[in-house]
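Please find one structure pasted underneath; my questions will follow.
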Amino acid sequence: AFADLDLRRTARRGYPEAVYCSGKTPAQVAAIAAAVGQRPDVITLFTRAGAEHADAVRAALPDAHHDPDAALLAWPPALPPPAGGTVLVVAAGTSDLPVAREALLTARYLGREADLIVDVGVAGLHRILGHLPALRAAQAIVVAAGMDGALPSVVAGLVTAPVIAVPTSVGYGAAFNGLAPLLAMLNACAPGVAVVNIDNGYGAGHLAAQITAPR
Amino acid sequence: AFADLDLRRTARRGYPEAVYCSGKTPAQVAAIAAAVGQRPDVITLFTRAGAEHADAVRAALPDAHHDPDAALLAWPPALPPPAGGTVLVVAAGTSDLPVAREALLTARYLGREADLIVDVGVAGLHRILGHLPALRAAQAIVVAAGMDGALPSVVAGLVTAPVIAVPTSVGYGAAFNGLAPLLAMLNACAPGVAVVNIDNGYGAGHLAAQITAPR
Amino acid sequence: AFADLDLRRTARRGYPEAVYCSGKTPAQVAAIAAAVGQRPDVITLFTRAGAEHADAVRAALPDAHHDPDAALLAWPPALPPPAGGTVLVVAAGTSDLPVAREALLTARYLGREADLIVDVGVAGLHRILGHLPALRAAQAIVVAAGMDGALPSVVAGLVTAPVIAVPTSVGYGAAFNGLAPLLAMLNACAPGVAVVNIDNGYGAGHLAAQITAPR
Amino acid sequence: AFADLDLRRTARRGYPEAVYCSGKTPAQVAAIAAAVGQRPDVITLFTRAGAEHADAVRAALPDAHHDPDAALLAWPPALPPPAGGTVLVVAAGTSDLPVAREALLTARYLGREADLIVDVGVAGLHRILGHLPALRAAQAIVVAAGMDGALPSVVAGLVTAPVIAVPTSVGYGAAFNGLAPLLAMLNACAPGVAVVNIDNGYGAGHLAAQITAPR
Amino acid sequence: AFADLDLRRTARRGYPEAVYCSGKTPAQVAAIAAAVGQRPDVITLFTRAGAEHADAVRAALPDAHHDPDAALLAWPPALPPPAGGTVLVVAAGTSDLPVAREALLTARYLGREADLIVDVGVAGLHRILGHLPALRAAQAIVVAAGMDGALPSVVAGLVTAPVIAVPTSVGYGAAFNGLAPLLAMLNACAPGVAVVNIDNGYGAGHLAAQITAPR
Amino acid sequence: AFADLDLRRTARRGYPEAVYCSGKTPAQVAAIAAAVGQRPDVITLFTRAGAEHADAVRAALPDAHHDPDAALLAWPPALPPPAGGTVLVVAAGTSDLPVAREALLTARYLGREADLIVDVGVAGLHRILGHLPALRAAQAIVVAAGMDGALPSVVAGLVTAPVIAVPTSVGYGAAFNGLAPLLAMLNACAPGVAVVNIDNGYGAGHLAAQITAPR
Amino acid sequence: AFADLDLRRTARRGYPEAVYCSGKTPAQVAAIAAAVGQRPDVITLFTRAGAEHADAVRAALPDAHHDPDAALLAWPPALPPPAGGTVLVVAAGTSDLPVAREALLTARYLGREADLIVDVGVAGLHRILGHLPALRAAQAIVVAAGMDGALPSVVAGLVTAPVIAVPTSVGYGAAFNGLAPLLAMLNACAPGVAVVNIDNGYGAGHLAAQITAPR
Amino acid sequence: AFADLDLRRTARRGYPEAVYCSGKTPAQVAAIAAAVGQRPDVITLFTRAGAEHADAVRAALPDAHHDPDAALLAWPPALPPPAGGTVLVVAAGTSDLPVAREALLTARYLGREADLIVDVGVAGLHRILGHLPALRAAQAIVVAAGMDGALPSVVAGLVTAPVIAVPTSVGYGAAFNGLAPLLAMLNACAPGVAVVNIDNGYGAGHLAAQITAPR
């Protein structure tokens, strides 16, 4: 009686519920995983899953897909066939990779074709400019960046598609655990930037999947 | 030499530049409006235009459309024929109306069909529930709310389309000029919520237009 | 001489003192527990008790009731016979359970009948709406929620009784350890929301017991 | 179409809606007042009404009761006969009076007997201690205080009834427009303190009326 | 060459330097302690000394006085004969004891007679009122309090001597590691409150010693 | 009935109450001034008095002393004969003068000899060093500074007497209305710095008078 | 006696003192201007001078140079002959112009050759890229930007010279009066960015002059 | 494909890229170190390298220079021959040493002559004044300070060269992990202070090297 899985969510919203593991005990996650095992017709994601959470999921669902970098599990493990527009995920630096991968996998498990570009921060502008064709080919672009959070402004100024900006907690001092890039992204001088919570790769991937949904 | 209008923006991004008036002198806005008058082929928006800014625009562009509530002017004044998906703008309370109208007009001038629903905050839940059909018919929903910023979470949990949440500076005390709804929206417990800056109706309308663009 | 238990509190206020363990050494808690053992006529709560604190209490008071999830001990262990109105405790998500249980047990040890509902966040509105009869039957409702803190506004808009909102530190990033739901709750657009400190289940349960006291 | 009065609120919640004037134009308030005039069966409060708002209300409802100090109007103007428990409103200093009066009038128009004590801050402790009988006779106590926000802790430690603490924006410098007393009240060392938004006398009076409602 | 002890401080200011250990390596503290051993004519305090720092000091100065609760060492260990006025240190709760003891010992090693009263927070006002004679007999009063930080205001309103308020990091949630009592103390409604940094018992004891210095 | 003057304060604390004007209406201040006129035996200060407040005081107390720079009035107007130690007030810059004068006059009206030094900020260190004899002759030093708030640390490192640091709201941008110097002063690297609220010249002068009181 | 001009500054530091007008009365500025008139051998700048301050300066120094946009006056009015390296000042948007001009004029009056580029924000990247030769020719670059503060990172990544970043208060909502660009600039992902206070064009121009000083 | 080293940076900017280790896995750092080993013609710095990062670097580049205090590695290990002006690094206290050493080594590996002075905080002003000749001989001065951050203001007021201020996270309580000195430095009352991020010794050393570059 500690959880009331929103199983009607797929019917109501078109996307399945995800289980946010980080505040739950492994025992609670295990019980939820067992319930999930009764519903192979919907794909369930387990997000922010530490090692113990992952063990609990795989005890109940041994064939679950597990991406430790993204702290994410998915069951059933097979990706759905991609439909709709394509999603491009961009990580400003190597340290933003875990968040970017969470977005990438979420978009793919929600049914989109999705690609990843890494380490193209604005300190070396030629790097992002070298990817202009890929940027302009995507129907939605997720940009994960910490520190100054400048990359989404630059990208949004170059493309037609919406940019989903994910501030990350990468950095130190006056980055204040992601506050600096969060504020920068909210104040992006180029319009067309949608902001989600700090480190929220899941939310970014979900939004990207909605924006690129087949019509 | 105080402005370098980004006239290539429509070619590059598909959407024209907007002139942010609030930090400019009326004389600067007047000069920009004169330059804009040379380019009737693109629609230019003047945002956050106070009374003196509006006078400066209309001196140069007498037939500009002016919506004082939204503090917005547009020239040429005619709306483009709508294309793409439909946008629904929702204002939690009456006081959120100026921001909501800015979003509404921006979406319309960027080529979308757009509608408005007002005063449907969660304190009386039957009000928003009474609009479920309209909510589910839209391809993108803008929700403007101040105070607790609870409405976007509720709406996002009911629909398939992305929700663009605009925190407003409506409220007092611990609303801290929009900080409270901004944080609430960034932490929306329902996925599918894209956040823009406090009171940024222009950015919300722009994003909504991009999301619903014809493919 | 490191503590001066407010033993007159029950006489003065009608409710006994509680011992806040988290800043105390186990040795200090042990000494207090020994003193408490001289007063079986009043029920004493030990709150925010870690494992070592709990061991210290049970060394002196072996039959103390211990709820590790709520980090709470009570002695004497028997619940008083319930009197006054009924209290309903609502947890928005599974992760809010420890705080909700602290409120539940506090209300019960202070002499109220109290019940618990879990995982009814606004992302799936049908869940809380499915509990309307229980919500309307209670004389005081405690709502524990993290992230966007939207649930208390929704509940308060549906009932006559006061809602006691407890923001929790559940969430990450711009939740800022409970700041986001705290601000949301202070700005609840429905009147009738009383806010207590982040994660303060004890304070919420205490207030609920006072509000529902027999007259 | 800029407002959707929650007229079912009295039926649903037992208390009528209040019109929050401060974000509305006088014309909007005038239109709402006209609609209110059709419903003499429910008492409507207009809160945070400046001089122009008040004029707009009285143009439509000439006999409305107006308290300029509390920035509040009520129509119909007659107080309902008091029922339920009694409410005591306490203002720490003279400058807290507007907020305290808003609470006082709200409680009275919602059907309670309510009294007011002013200028009894903790800097001269004998002042509040001189009112102990009145404090102990009330079923709910509203305490409005700015600066250090210390009074609610002191009062709550002396009484059985719940204390509703209203931080005010009285003070300067590190009072940060009410943040200092808000934080102090949320951390009251005495349990039994319910906090509402800074300067929210309306919310405090509403909560007090709910807590003291006839059972 | 990593430290330049301010050995002239006693001559210049009348009080010796203290060594702030927390940012130093044990090896650095050991070297400083060795240098201190050359100057038995001045008393040196080592503040915020963890277990390893304490070991380092005692290796060089085996007879140093060590108070682990206060995280403080002193060498030479003998207290100077007290002179000047008397200092009273008051801790609101048991958890404030480490900070209070740091103040107490600092005042004593700087040459004052000093006493300590613990667990007299405003939640049970009779406790502090029971110490009025001692409060009125002191020439300077240090008050350490966390949570709401209300005690210094109450004490200052009762006495003639200056009150030195030390906010502590005791508490959780919206106490924000001592920010809440810090702001409350800066806004004390009674004049005569001098504030020092959060948890700065050393600074409070130093100020108290200066204020009560023999004239 | 809007004020309860703490007339027993002089008896209890040795210093009279001051009337904080800024949150009061001129009518309220006028009524208080009339009451004050009945008690020529105690000196009453009116602080933070704007032009209308000053007019109200002087209507009732025509011979009141008025210092518009310090926004302060005193009645009866004659300074008491100085007793106790001497107070030195130091203003880092010209813009800190209003706060410094408020401290100066408060100390004088509370019975101390007090002097003022202006425009000796650390940007030109020779200026403060040129006043070393005066600094070392005072029994208490008030230092008012905005911007970086560096002066109190420098002064405290040079003298034996306690330094009372008053952060001022002088500056702009990241001075955040006095937050920057407030934090700097709380973290003064020299011990012996007592901090009061931003712009609180009254509190600084009061503390200085207490510290230098005749023994 | 309200000011102690640091006239030795030119001798000591190589650069004259500037008079910060904003916290001073016009009468104080007038007296300082009169004193300045005795020293035609050093150039004095009056910064943040409103209309009344400017009138006061020109009454004493009729031939002073006045730039109302930059709120700056200089006397004697003639620019010194330029020496050392060249300074380039870049304004991201038109609204950043006042701050940029303050930097430009300060650098020039301190003896540097300095140029200005306006409206080259990253939303249209081709604009700043079109100025690469000028950027690479400068020995120091000042970049003034509000909103997301992204431009300094981009510029620093393209050049060898140091970049002095000036956050401006241009923007609204979560720009928090310049906090957003300030944090972004402190976290610039390209090294070589020196940050000054929000809107501090004077400080930026001064630093640029020092960096490019003749060796 | 997790990193895209900006190897063109030396050509473009004149200074090589540095590898920020703290957000990277040891495996990622190892792979980058292997790539770096192919380019002995440029010096690469590895900053914020913990023990595991250092091991990873030295496995690939056994002769790399490693300074554990500064958490920095450099390869090739030989310092380039110094050119340009000289850099002086000043640490206010012993605890600021790690940050100061990071600045020192960065400046040296970027080709400058650089020296270090430690423990000269303003609490004992004679210490910094005793180094005046060295301060006036440097072409750029880095000042690292925590707590009140007062030292850069004092130093800047004494010299001609630019001062690069690095706030450190040294301190506790209201130092807020470096926020206090950061704000103080941004508001330095002496012009000529360039601020970098909290604890950013690397950025400070880089800026110092740029400012003192051979012309």
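Every chain is named by a letter (A, B, C, D, E, F, G and H) in the order it is written, and numbering of its residues begins at 1.
Simple rule for what comes next: contacts are C-beta pairs under 8 Å (C-beta built on N, C-alpha and C of every residue); 3 or more make two chains touch, one makes a residue touch a chain.
Note that the structure is a prediction, hence the values are computed from the model and not measured.
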Next item on the list: With residue numbering as the guide, point to the option in C-E, A-H or A-G that repeats B-C in over half of the contact pairs.
Entry: A-G
Notebook entry, point to check: When F-G is set beside F-H, which has more C-beta pairs in contact?
Noted result: F-H
Next item on the list: Could you please state the distance in Å, as a whole number, between where the Cα atoms of subunit E are centred and where those of subunit H are centred?
Entry: 35
Notebook entry, point to check: Hey, how far is the Cα centre of subunit D from the one of subunit G, in Å?
Noted result: 49
Note to self: Distance between subunit C and subunit D based on Cα centroids, please, to the nearest Å.
What the structure shows: 26
Checklist line | Touching two or more other chains - residue numbers and ranges from subunit C | finding: 12, 93, 123-124, 146, 157-158, 173-175, 179, 182, 186-187, 197-198
Notebook entry, point to check: Across the complex, what residues on subunit E touch subunit H?
Noted result: 1-4, 6, 8-9, 12, 17, 20, 22-24, 28, 48, 167, 169, 177-179, 182, 197-200
Next item on the list: Report the residues of subunit E in contact with subunit F in the complex, numbered from low to high.
Entry: 12-15, 18, 85, 139, 157-162, 164, 182, 186-187, 191-198, 202-203, 206-207, 210-211, 213, 215
Check: Which part of subunit G faces subunit A closely enough to touch in the complex?
Finding: 92-93, 121-125, 146-150, 153-154, 156-158, 171, 173-176, 179-181, 183-190
Check: Can you name the residues of subunit C that touch subunit A in the complex?
Finding: 93-97, 118-120, 123-124, 126-127, 146, 170, 172-175
